[in-house]
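Step one of this worksheet: look at the structure below.
Letters A, B and C mark the chains as written, and numbering starts fresh at 1 in each.
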Amino acid sequence: MNKHQGFMALVIKGLMWIYSLITFSILIYMIYNSFRTRQDILSNTFGMPKKLNLDNFKKLFVNDHFYRYFLNSAVILVFSLILITLLSSMTAYGIGRYKFKFRKFTRIYFLVGLMFPVQLGIVPIFLLMKNLNLINNHASVILILSAGISMPVFMLTDFFANLPNEIYEAAIIDGAGEWKTFYKIMFPMAKPIVFSICIIMSVQVWNQFFMPLIFLQSEAYKTIPLIIVKYTKNLLSTMDLAMAASVLSTVPILIIFVIFSERILEGVATGGVKG
Amino acid sequence: MKKFYRALSMVLLVVVLSVSFLTACGSEQSANSTEASGSTAEKSSQPVTLKIWGDTDNQAILEASFNEINEAFTKKYPNIKLDYQYSGSFDSINVALQSDSLPDLFWVQGNKSTKMAEMAKQGFLLPLDDYKLDSSRFPEQSIEYATVDGKIYCSFPSFFDYAIMYYNKDIFQKYGLDKPKNWGEFENIVKTLKDKGETAISFGGKGDFDRYWLMQVLAPTLANDVLQNIKEHKADTDYKNLIDTFNIYRSFAEKGYLGKDFAATDGAGAQLAFTNGKAAMLVDGTWNNQVFASVNFNVGRFALPSKDGVLYSQSGPSNYNTYAVSAKTKYPDEAVKYIEFLNDKESQQIFENNLGAIPLVKDLTPKDESVKEMAEYDQVGNNIYHVLSGVADETARPQDMLLADILPKLMTSKMTGEEAAQKIKDEIAKSSAK
Amino acid sequence: MLSFFKKRPYLLFIAPGFILYTILVIYPIAAAAVISLYRWNGIGPKTFVGFNNYIELFNNKDMVSQLWNALSHSLMIFILTVIFVIPVQIIMAYMVYSKVRGKSFFQVAIFSPQFISTPVIIFIFTLLLDANIGVVNKFLESIGQGHLTKPWLGIPEFGMYIVWIMISWAGMGVGMMFFVGAMKMVPVDCLESAYLDGAGFWKRLITIFLPQIKVTILNMVLISYIFGMTIFDFSYLLGGTSGGIERNVDVMSLFFYRMAFGDTNPLGGNISQNSMGMGTTIACVLFLMIFIIALIQLLIVYRKEE
C-alpha cells in the first residue's frame, strides 16, 4: 500500500525536504536568537555570537512570572478545545446526517461568524459578560472562543454526512439511542478529521490576542500572546525577550501538534461494512 | 432516548459547573474592587482601591518606572491601594467608554489628539480645577496639553520627546567630522559621507512613520516660520521655506544620502543598519535612546541646526505619565491624589532615573550624559504633524496627506517641492478649521 | 413535547452550539449592523441617519477607489491561493498520508510557522530580505552575484506578492493538515479496488482521492475566499494602517480597520467624526460580499449532492 513509485514522487519528495528544511531553519533561527543578549542582536545581528546564555529565559520566568501566563493560556486552551470539539461535532452531525427543512439555511447561519470583524461586535459581548460578572475571568474568554465554531462546523458537516449509512442503521436497529450512536460509533469514525480540526483550532485559540486583551484585565490572568505583544510592540528595544517569549509559546503547541498529528494517521481508514 | 437526555444534561452540567468554577475564581478578584462602595466623602480609615489602566503598548518600557512610583505612592498613602494594570490599549479604552466601564484612572494623550477633548466634552472625564493642582513647575505647553475648554483634565506632561539625529562617533571621527553648528555644516557632512561611500543617513522608506521622522526634523529647522503661520491660522502665508524643505527632502533621496534601496528598508531595518555600524546617522526618537545604550560603538546625538545656527527640537509632550480621571469614579479625592503624585517631582525623578527622558520641568536631575546631550537644543520648533492636524477637519486632513501621499512621492521623485506645498495649501484651504 | 424532540433528534444535537453561537456571535453582529445606520464617533452621541453612510460610501470617489483597490488585492490573494497553494497542499498531504519517510518532520516543519506570532515572522523575513543587512543579499554578494541584489521587500509592484508569499508560507500547514485528515476519511474499500486494478501512485490520487475529497476542496476554496477578505495582520504590519506606499498592500479588512479605528497613532491626530458609523458600514458591505458568494457556493454544492 505504501509503495511510492516513480520519478515524480522522488522530485516532489526532494522539494518537500528543501521546503521543510528552510521553513524549519527559520524556527531554529528564532530559537537561536532567543539565547543571545540584546547587545549582540543589535550590534552583531548576523555575526557569530560572542556568547549564548539563558538570561532571556531567566528574565521571563523570574521577573515576568511567565509560568502564570502559561497556566492561563493552558486553562483557556483546554476548556475551549473541549467545548469547541463537542459543540461543533454535535452541530455538524445534526446538520449533516438529518434531512430537515432549513438545513441549508442552518449551514449558512453557522458560517456567518467568519464574515464579520470581531472588533465591532465586542461591546455587546462585553456588556453581557459584565452583567454575568465574568470580566477579568477566564470563563468569559472560554465561552466566547467556544462560540467560534463556524469553521469547524463548516468543515465537519460534510464528513458526518458522508459516513456510511449502513453502520448508522445497524446501530439503531440494535437498540442504541441517537446519542449513543453518535458518541460511540459515528463520532469515532470521524477521528482523523476531528483531530485535524483540533490541531488547527488549538493554534487559533492559543494565539488568540484580541479577546484576552479586552476581557483579561489583570496581569494575573493574562495569556501568552499578550506578553509576546508586550515585547514585539517596541521590537527593537526588547527583541531578545520577544524571541524568548515566542520560543516558550511554541513549545506546548508543538507538543499538542505532535500528539494529534500522529493520531490522525494511525489506524485504518474508516472501514466499509465488514460483516 | 432517555440515555440521550442523560448525556445531554451531563454535557450542559459540565459546562455550567466549569463556568461556575471559573466564575468563583474570578469573582474573588472582582469582589475586591466592588465591595468598597461606601460613601466617597469618608476619608482615612476606609481602605480604597483605585483601578488604573496604564499604556499597554509601552508596557515593556514603563514597567520599571511605574513599579517604583506605585510603591512610593502606596507608602505615602497607605489607605489607598492601587490596582495598576497595563490594560489601557486603544481597543480596551474604546470598549470601556462604550460600555460605561472606565477604570478610575487611565492614560490619555492630552491634546496631542482630539480624543481627550472629545471625552471631556461628552462628560467622561472629571474636571480637575476644583482640586487646585499646582502647575507652577510646568511650562505653558504642558498646561495647554491638559486643558480643554478652559478646564484641566489630566496630569501635566513633564517630559517631551522629539526626533533627533543619532550619529556614529567612530565613523564621524574617521572623516574628521563633528556635530554640525549650522545647516551648511550639516549639508557638508552628508555630502562628505556620501562621497566616501558611506550611508549618511539610515532611512526606513517603507513605513509611514519611519520615513516621516526625517521630515519632522527638517521642517522646524528650515521652515519654522511657515509652520508658525499655519498654526496661527494666518491666511496667505508664504510657503517658500516649506517648498525648499520638501525639495531638500527629495534631493536627499536622489543624491543617495539615504543609503542604497532606502525605499525598501523598513524602520527596523534602518535601525539595525545603524546599530550594526553600517550607517553614519539615524533619525530616531529620543524615546528610543535606551536602545542605543546597547551598541558597541560610541553614539552621539545632535539636534538639527538651522541656517543661522539655531538648534531646533520639535514639540511633542510625552504621554507616559499623563493620566485622566473617570467622571464616574467612586473615589475622586483619592484618584486626584494619584494625579497630584504624578505631577510631583518625586515620581518624575523616578521616571527620569529609569527612562532618561528629556524633562520639561527644570528641577530634575538628568539620568546620564546622553540626556544632557538630547537637551542641548536652543528652541522648541513646531511639530509639523501637530501643526497640520491642528488645522484639519473631517474632510480635509493635510497631516494624513503628508504622511501617505506627499512623503512617499517626494522620496521616489514623483513630486516636486512646489507641487507638494501646493497640495498642502489646497488641502488646508478646504478645511473649516484653517 | 417529548415526541416533538424524538421525531427531530437533530434539534438536540444542534441546540447547545446554536444557543452559544447565537448569543455570542450573531447578536453582536446584528447590534453592530444597526450602528451602521447611525453617525457616531464612538464617544459622543449617536445620530440616526438611515442608509446615509452607505450612500456616502459609494458616492465618495476616494473611498470607492480605496475599496476597489483593497478588493482587488483581497481577490488576488484568493485566486493565487486557489491556483497555487491548494494544489501544493493536496500534493503534500498525499505524501504525508502515504507515510513517506520523514513524514513526521514534514508535518512539524511545514506547520511550524503557525507557532510563531506574526510580528516575529515579519521581522525574520525582514532580516532575510532587507536590502542593506539582509542575509539573501549578503549571500548573493558573497558568491559574486552582487548585481542581482534587489530591495526585495520594497518594490511597490511586488508588495502584494510578498504579502501573499508570507501568508501562504504561514498557512501552508493548515490546509495540508485538513487534507491529510480528509484523505484518511476516504473509505478503505474504495482504495482496495484501485489497488486491484493496479493503479499507480499518482493515478490513485487523481482518480480516487480527488473525487472523494472534492467537497473538502470546494470548502477550502470558500474558506480561502473568506480568508482573503478578512486577512489583516500581514498587510498591517508591512504597510501600516494606510496600507503601504500608494496603498499597494491594502486589503479589505485593513481598509475597514482604517476607517473604524485608523485615527490612533503615537503622534496623536484627530479622531474622525463618523468612525464607528462608517466603519460598521464598511464591515456590513464586506459582510455582504462574503455572504453572497458563500451562499452561491453552498447552493451549488448542495444541489449536486441532492
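The rule we apply is simple: a residue touches a chain if its C-beta (ideal position, glycine included) is under 8 Å from a C-beta of that chain, and two chains touch if they have at least 3 such contacts.
It should be emphasised that the depicted structure is a prediction, and the values quoted were computed from it without experimental measurement.
A.B. asks: Cut chain A out of the contact graph: what components remain?
C.D. replies: Without chain A, and with every other chain where it sits, the touching chains still make one piece.
A.B. asks: Write down the pair of chains with the top C-beta contact pair count.
C.D. replies: Greatest count of contact pairs is found between chains A-C.
A.B. asks: Could you please state the distance in Å, as a whole number, between where the Cα atoms of chain B are centred and where those of chain C are centred?
C.D. replies: Those two chain centres are 33 Å apart.
A.B. asks: Which whole number of Å gives the spacing of the CA centres of chain A and chain B?
C.D. replies: 36
A.B. asks: When the C-alpha atoms of chain A and chain C are each averaged to a single point, how far apart are the two points in Å?
C.D. replies: Those two chain centres are 16 Å apart.
A.B. asks: Going by the contact rule already set, what residues in chain A reach two or more other chains?
C.D. replies: 45-46, 119, 122-123, 143, 178, 235
A.B. asks: When you check chain B against every other chain, which residues touch at least two of them?
C.D. replies: Residue numbers touching two or more other chains: 1, 4, 8, 11, 15, 91, 98, 268, 272, 276.
A.B. asks: Multi-chain contacts only, two chains or more: what residues does chain C have there?
C.D. replies: Residue numbers touching two or more other chains: 9, 12, 16, 123, 127, 133, 261.
A.B. asks: Mind listing the chain B positions that touch chain A in their complex?
C.D. replies: Residues 1-4, 7-8, 11, 15, 18-19, 22-23, 25-27, 29-30, 53, 56-61, 83, 85-87, 89, 91-92, 95, 98-99, 101, 268, 271-272, 275-277, 288, 290-291, 294-297 of chain B touch chain A in their complex.
A.B. asks: Quick check: in the complex, which residue numbers of chain C touch chain B?
C.D. replies: Contacts found on chain C: 6, 9, 12, 16, 41-45, 123, 126-127, 130-134, 150-155, 238-242, 244-247, 261, 263-274.
A.B. asks: Sort out for me which residues of chain A touch chain C in the complex.
C.D. replies: 1-6, 8-9, 12-13, 16-17, 19-21, 23-24, 26-27, 29-30, 45-46, 87-88, 90-91, 93-95, 97-98, 100, 104, 106-117, 119-125, 128, 143-144, 146-151, 153-155, 158-159, 161-162, 164, 178, 182, 190, 192-197, 199-200, 203, 207, 225, 228-229, 232, 235, 239, 242-243, 246, 249-250, 253-254, 257-258, 261-262, 264-265, 268-272
A.B. asks: In their complex, what parts of chain A are in touch with chain B?
C.D. replies: It comes out as residues 38-39, 42-46, 79, 83, 86, 119, 122-123, 126-127, 130, 132-139, 142-143, 177-180, 183, 210, 213-214, 217-221, 230-231, 233-238, 241.
A.B. asks: Along chain C, where are the residues that touch chain A in the complex?
C.D. replies: Interface residues on chain C, with respect to chain A: 8-14, 16-18, 20-21, 23-29, 31-32, 35, 91-92, 95-100, 102-117, 119-120, 123-124, 127, 133, 135, 138, 169, 174, 177-178, 180-182, 184-189, 191, 195, 200-202, 215-216, 219, 223, 226, 229-230, 253, 256-257, 260-261, 279-280, 283, 286-287, 290-291, 294-295, 298-299, 302, 305.
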